[in-house]
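Note that chain A is present in both complexes that follow, paired respectively with chain B and with chain C.
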Partner chain A sequence: MDLKEKLLSSFLAFEDTVDLDNPVHEVRSKAIKNFEEKGFPTKKQEAWKYTSLNTLQKVDFSIFPKEENTLDYKDIKKYFLHEIDTYKIVFIDGVYSSYLSETTHDGVDVCLMSSAFNKPMYRQVIEAYFNKVASQDESLTSLNTAFSKEGAYIYIPKNKAPRKPIQIVHFATGNEASLMLQPRNLVIVEENAEVQIIERHQSLTENEVFTNCVTEIFAAKSARVDYYKVQNDRETASLIDNTYIDQKRSSNVSVHTFSFGGKLTRNNLNYYQDGEHIDSTLKGVTILGEKQHVDHHTLVHHQQPNCESHQDYKGIFGEKSTGVFNGKIIVDKIAQKTNAFQQNNNILISDKATINTKPQLEIFADDVKCSHGCTIGQLDADALFYLQSRGIPKKEATALLMYAFSNNVLDSVRIPELKVRINKIIANKLGVNLGFDL
Partner chain B sequence: MAYTEEELKKELETKEYEYGFYTDIDSETFPKGLSEDIVIAISQKKNEPEWMTEWRLEAYRVWKEMKEPDWPNVTYKKPDFQAISYYSAPNKKPKYDSLDEVDPELLDTFKKLGISLDEQKKLAGVAVDIVMDSVSVATTFKKTLAEKGIIFCSISEAIQEHPELVRKHIGSVVPQKDNFYAALNSAVFSDGSFCYIPKGVRCPMELSTYFRINQAGTGQFERTLVIADEGSYVSYLEGCTAPSRDENQLHAAVVELIALDDAEIKYSTVQNWFPGDKEGKGGVYNFVTKRGLCEKNAKISWTQVETGSAITWKYPSCILKGDNSIGEFYSIAVTNNFQQADTGTKMIHLGKNTKSTIISKGISAGKSQNSYRGLVQVNSRAENARNFSQCDSLLMGNECGAHTFPYIEAKNKSAQIEHEATTSKIGEDQIFYCNQRGIDTEKAIALIVNGFSKEVLNKLPMEFAVEAQKLLEISLEGSVG
Partner chain C sequence: MLEIKDLHASVEEKDILKGINLNVNAGEVHAIMGPNGSGKSTLASVIAGKEEFEVEKGSISLDGEDLEDLAPEERAHKGIFLSFQYPVEIPGVSVTNFMKTAINESRKAKGLDDMPANQMLKLIREKSEMLEIDRKFLSRSLNEGFSGGEKKRNEIFQLAMLEPKLAILDETDSGLDIDALRIVANGVNKLRNKDNAIVVITHYQRLLEYIVPDFVHVLYDGKIVKSGGKELALELEEKGYDWVKQEAVV
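And then the complex of A and B:
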């Protein structure tokens, strides 16, 4: 039985576990129909030209984890940003772990999707926001919507900001030979409110994990959202991360994606600007080796005048890794005075590595400044020689240059401890013992 | 005195297509529709050898199975391929030795187009192979070329007289089954140009062909094959105008360039087919496959100025197969009213130390849509491949669109690829600066557009550059944003 059929039949079993009278269920039923019709995307589709899901579909994934699992905090401490105090929403094999988490209802809501779905007090919010910005058309998003049950629910009321950043961590323990996870997150930031979120997916075993995650973010007027995605998973973990962002007037949303691992990672990052004077930032550092594959697929849709978007993605590709960047900017006819920038720089350090990039502009307004730049190259031999001539070994010199190459993106990380952590991961990835934070 | 915007708009709208006229010449036209019989009939009509007929049939069979591509960023009513007549030839087709023998009406047509044959012969030093509805009726300067061993004739003549060359090279760069329109062209191509430059010969003049679509309801399926043997050089010019018609006309041409070791081909196009009227009615559908193959140290340079056609779908490409080969693409695409253009290039780097340059300038006005679509591919064995791409778009008015779809695929670590794209409109301060110095707005726009396109215009041969500059002005007159 292939994965699609398995998922379709599992949906019937899934229906037994949820409240069918809940209006959410109507959304789910509609979504599963869309998935049934469209199936998994294939390489024949333009958006999936460079990323194949064929091998994933051959794996016999368990859709529902059979038993619950507990983890000791000391074993997994390193996966948290433990240097600072944070709220934590932790899931083990898709199941909420209250023991490891720290949620709150004090002024702001940092809790679970399952309670938001089920408690009457959240019903209005769910009706107003759930599945409103996520694509109704894209098959994998629909698949997630159909199975949406658990995930992080974050609601920041007007003029509020949580005391500390929020970490969302999904662990896979490998209790099952192969596991498919479909977390669903909803982040609502009301007028002039603020939030910082760090998200991570982490597999703890060599067993196969496939995560199909959807996050919806609503930023109301003058809201500020800072979202960091840390992707440094094992060779057996695949992730399809779909993020949909709805921005209202004068809001500011930035998403940083750090991709250092995983077998196959696909980031669908979609911004819809619905108001004037909006600022959107999309940044990413990708450093890959082995046979890893990362596909960044971004969309910024400028629907109103006087907005800005900034995109900066840096990639370093070694061994047999593959990198894909497909950035799309759409400027509607009425979105005059748009400033849209897109930059994608890549370095290939191995003969077997591949880069496919497609920075795409679709512009229907005339009074705009849109530019994109894209480069593929290698490290400057002169710069390398300069460093070596001053006694820095080649390996370290190379690492320094690569770090400098990606530094632009790190500059805008607003949590200093996270920056230090990312620096460490980069040093580790490049195989050097350098602090970088000079 | 500066025009007001209203006045300019009015003038633009009333500006009719200058070259829209229709010559009444008896033509022998096949019944409409396409079948194996028609393909065979075309082949027989042209007295082709059996291998050619077979080749056409093969293409037809492939075409039958294929579907029209729908990925380009254009929308149009799909042509009905069974409602097109696939062959038409001017009835009187003796070969003329002098211009006096030519049908006076035909000569008149050329005059209106501004191509005076004798003038060109004497002044420009250009050999013109005029294709009027698919069959070439006049070939000049053949003798001068023949002395150097250069073969420049119609492709049907080449099939008769140089079958070995044609058979070896036709379809080698653009195979029959390459794409829908290439397959269609391979099956039914009526005529076109053939050019062979022998080893080490530098072609002494610019070779040029003027294409015209004339017969009502006939598509034109040109096939061009240019072969530059080792160490040779040729500059080939192609320019087009077409009479205005209400019915959409289909043009599906195939151009194949082969540059052997150390050879260089420069291929320049000025395309000014009927773009449809201001309501977007009529106009030519231009679906062209152009591709060149570079062997060692060879160079192919495409230069195009696209101002006409309702729909343009064109990607002149270079396959950089040999080491040290060079591919260049310089393009200006101008769209106005309801025109749609999806154009760009492909640079396939296979050999070592290959270089490619892409400079594309898109100018959109009115309600038009202008897309750049390009592919730069560096194969894993293409050491030290180098590419530079620049795509700039200029938008005039707030109802047009500019799009870029650059695909960049690198499989070699020594590759160096740069891509840049910008989109902007003509700055008010730029216009103000000109106004301030006594240049009216209309002229200022022309000046700025000219400056914007200079990089590409400079690559055109002299006589073309002047014509192209004029075309740009005509196409954009009055479209001040």
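And then the complex of A and C:
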């Protein structure tokens, strides 16, 4: 049985575990039909030209974890940003771990999708927001919607901000031979409220893990959201991360994606600007080796005038790794005075590494500023000589330059401890002691 | 100290240096002047070991040791320093962190431990004061967004920190206003002693009023066509380079 068939038959079993009278189930049923019709995307589709899911579909994934697993905090502490106090929503093999989590209902809701789905007090919010910005059409998003049951639920009311950042961490233990996970997150930030979120998917096993995650983010008027995705997983873990963002007037949303690990990672990051004076920031650092593959697909849809978007993705590709960047910007006819910037710079440090980069601009307004630049190159020989002439050996100088190249994307990271942590991961990845404290 | 014998160098099969001979002894200051395109910056880069230049013939040695097979960092460890005409911007690495790395790498090459942090800070404070560099400047990213003058001053700050045997100043005066020029020149003069040497590469005589050379050489079309004392610089300033070119042709 291939994975699609397995998923379709599992859906029947899944229905035994959820409340079929809940309106959410109608959404799920529609979604499974869409997935059934479309199936997994193939390389024949333009958006999946450089990323193949064929190998993944041959794995016999377990769709539901069979048992609840536990983990000792000291063994997994390093996967948390433990330097600062945070709220934590932690899942082990798709199941919520209350022991490792720290949730709250104190003025804001930092809790679980399963509660939000099932408790009557959340019903209105779920009806208003669940699956409202996520694509109804894209098959993998539909697949996630069909199986949506658990994940992080974050609701920040008007003028509020949680006291501390929130970490969402999904662990896979490998107690199943190979496991498919489909977390579903919903983040609602009301007018003039703000939140900072760090998300991580971490496998603890050599067994295969395949995560198909969907996150919906709603930023109301003047809301501010900073979302950080740390992707530094094992070489047996694959992730398809679908993020959909709805922004209202004067809101400010940034998503930073740090891709350092994993076997296959596909990021579908979609911004829909629905109001004036919106600011959208998309930044990424990708450093890969071995046969790793990361595909960044971004979309910024400017639907109203006087908005901005800033995209900056840096990639360093070694060994036989492959990277993809596809950045689509749509500026509607009405969206005059749009400022849309896009940068994608890549360095190949191995003859066998590959990057495919493609800016895609569809501009229907005439009074806009849109700029884009893609570069693929080696390190600047003059800069290398400059550092060497100061006594810094070539290997260290190379690392320093790569560090500098990727580092300026971190300027906009607003959690200092996270910035330090990412800097250290970058330095480690580049395999060289930089000779100074970060 | 520095001995250059019949040096021929090319880049992308274009001959640039066509037989340079130059001897620089400890305690001396040499000026190399010449019109644009005569090979001045190439000479500086070749001494510092830039790989894109091909040494076709001849030799460069420092204290009797042939430099041919040495990488730029190894030459730096032996005591060669090049102040760049166009210093490169390195975002994300502060001036202080850069200096720490450079100094400790040189120490490592000599088998020494890292310089203790307090000693490093003291050194940084001392040298930055000498060059009237604001402390805030030191935490900025290396050369990023620096004015032309700030970049040059930063080069001389690095020179002061590293205390090389042989300092080559490539067009250090370009981009400097008169006050900055004076500060930079004073800094260089304070570093002069009987054990080190300085090669000043410049298009104009202006810098040489402050850093007074013992010898002046005129480079034209890849060769030193004339050498003399400091008065040669004045003569060039007055008459331009044409008369030297004509002499060279004859």
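The rule we apply is simple: the second predicted complex is superposed on the first by the 434 of 438 C-alpha atoms of A that agree within 3 Å, B and C clash if a C-alpha of one lies under 4 Å from a C-alpha of the other, contacts with A are read in each partner's own complex, and residues count from 1 in each chain.
One rule holds in what follows: contacts are C-beta pairs under 8 Å (C-beta built on N, C-alpha and C of every residue); 3 or more make two chains touch, one makes a residue touch a chain.
These numbers come from a predicted model, not from an experiment.
Asker: Just checking: does A:137 make contact with chain B only, chain C only, both, or neither of them? Give me first, second, both or neither.
Answerer: neither
Asker: Examine A:385 and indicate which partner it touches, taking first as chain B and second as chain C; both and neither are also allowed.
Answerer: second
Asker: Would you check which partner chain A:106 touches, where first means chain B only, second means chain C only, and both and neither mean what they say?
Answerer: neither
Asker: Which chain, chain B or chain C, ends up touching more residues of chain A in the combined arrangement?
Answerer: Residues of chain A touched, chain B against chain C: more for B.
Asker: Between chain B and chain C, whom does A:21 touch in the aligned arrangement: first, second, both, or neither?
Answerer: Neither partner.
Asker: Answer with first, second, both or neither: which of chain B and chain C does A:353 touch in the superposed model?
Answerer: The answer is first: A:353 touches chain B but not chain C.
Asker: With the two complexes superposed on chain A, say which partner A:400 touches: chain B (first), chain C (second), both, or neither.
Answerer: second
Asker: Once chain A of both complexes is superposed, is A:408 in touch with chain B (first), chain C (second), both, or neither?
Answerer: It touches chain C, and chain B stays clear.
Asker: Applying the document's definition of touch, where does A:72 land relative to chain B and chain C: first, second, both, or neither?
Answerer: Once the two structures are laid over each other on A, A:72 reaches no partner at all.
Asker: State which residues of chain A lie in both footprints, the one left by chain B and the one left by chain C.
Answerer: none
Asker: Mind listing the chain B positions that touch chain A in their complex?
Answerer: On the chain B side, the touching residues are 71, 378, 380, 393, 395-425, 481.
Asker: Which positions of chain C touch chain A when the two form their complex?
Answerer: My answer: residues 45, 48-52, 71-73, 75-77, 81-82, 84, 87-88, 90-93, 97-98, 100-106, 109, 141, 158, 162.
Asker: Which positions of chain A touch chain C when the two form their complex?
Answerer: Per the stated touch rule, the residues are 380-383, 385-394, 396-397, 400-401, 403-405, 407-408, 410, 434-436.
Asker: Help me check something: in the complex, which residues belonging to chain A touch chain B?
Answerer: Interface residues on chain A, with respect to chain B: 46, 333, 336, 346, 348-378.
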